[in-house]
């Protein structure tokens, strides 16, 4: 029987997103089905910096959109970010080891058939539009996450 | 057979608590049994601002009690709190979408029969008394969480 | 049949590590098999302050090593750390209740036969050498975590 992993990607930190996408890519290589449900800050990982829009947004939503990360490589670290200096240090160390960047792992996950879900309520509250995120994102409610998690062998809140 | 979800609510952030209680309420609506085990900062979500007490507390416990959130609506955001400004922005955006507040989701969970457990060790260390928290809280050890988690289809550390 | 718990220890916070090791020790006392996979900041929990090395490290790795915690008792709190003051307050409250410190729970887990895994990629990127961490650590890839998690009754990302 096929195995399945479901992640609830709540955090919008570069390091935590990296952990989630390394797990997602590794699991796909092991032929495990993978679903990721993006909620709250996690949605900013999927933001496409070239598809931002100001249409149909309240002032708070516009302000919030301007203050939040513009895509995967714009995310801060969960620790030792030091206004971006700590993150630059991490990126340099990753480059020295020829480790892929977050954006590469996100691309890998898309190519490997990871299922992307976006939390409807979070998107409505923060004013994020479908077209600002990656195109394969399916917008669903918490019920879909719970249904997928029930059928999974591994579920993690990240 | 009945399905079950067990959450370990460790964080005391407004946004993470919101995520946990949205999951708990959705799961109950799907007839899934739900237990939440509150430990460390998570206990402050259940603090009743009208039932604070100073009795039988050490000076450190009093100081700690004074520096920590006074209930669900007093919790900070995990990100972009900006001394409360970011949280106000989030609350305004939630109001615009007529989304319930955290305190409403906590009430919903109580009415829907979510089981509330409090971590005995955390409460002893931080000097939190049973009467300062919601009345249906059952104070238990980590063993109870593990037992409940073993019987669950979904377990998440939040 | 034997039950099993697998933790992914990503965070390097004193309070979250405490939660993880309390769970690990309790589970072992219940005869549950326990594996912990240490990644990113979680690796600093296992750093031995007496076994630091500067050999075979890039300048970034040396700088990173100097800026990060030197072992379990050197970790900050995830909240209210206040440059260490909040943590001292927590430690005083723990002492008043005669609660063991993190380092004691780590020792307990080692004696009780908890399995320790270290994430190979994280160690390479951050320049952490096997000899700087506890000796029983087995260095593995994300695949090992997924394999262990698939066989587990409880899996948590902490």
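For reference, chains read A, B and C in written order, and residue numbers begin at 1 within each chain.
The rule is short, and it goes like this: contacts are C-beta pairs under 8 Å (C-beta built on N, C-alpha and C of every residue); 3 or more make two chains touch, one makes a residue touch a chain.
As the structure is a computational prediction, the values presented were derived from the model and not from experiment.
Chain-to-chain contact here is organised exhaustively, every possible pair of chains being in touch. Taking only C-alpha atoms, you rotate subunit A by 120 degrees to land it on subunit B; that is to the nearest 5. Counting the residue numbers that touch the partner chain, subunit A and subunit C have less than half of them in common. Distance from the subunit A centre to the subunit C centre is 25 Å, each centre being the mean of its Cα atoms. Across the assembly, subunit A contributes residues 155-157 that each touch 2 or more other chains. Taken together, the subunit C residues at the contact with subunit B in this complex read 3, 5, 15-16, 19, 22-23, 26-27, 29-30, 32, 78-80, 86, 89-90, 92-94, 96-97, 99, 153-158. Those residues of subunit C lying in contact with subunit A across their complex are 8, 10-12, 39-41, 58, 60-61, 63-64, 67-68, 121, 124-127, 141-143, 145-147, 149-150, 155-157.
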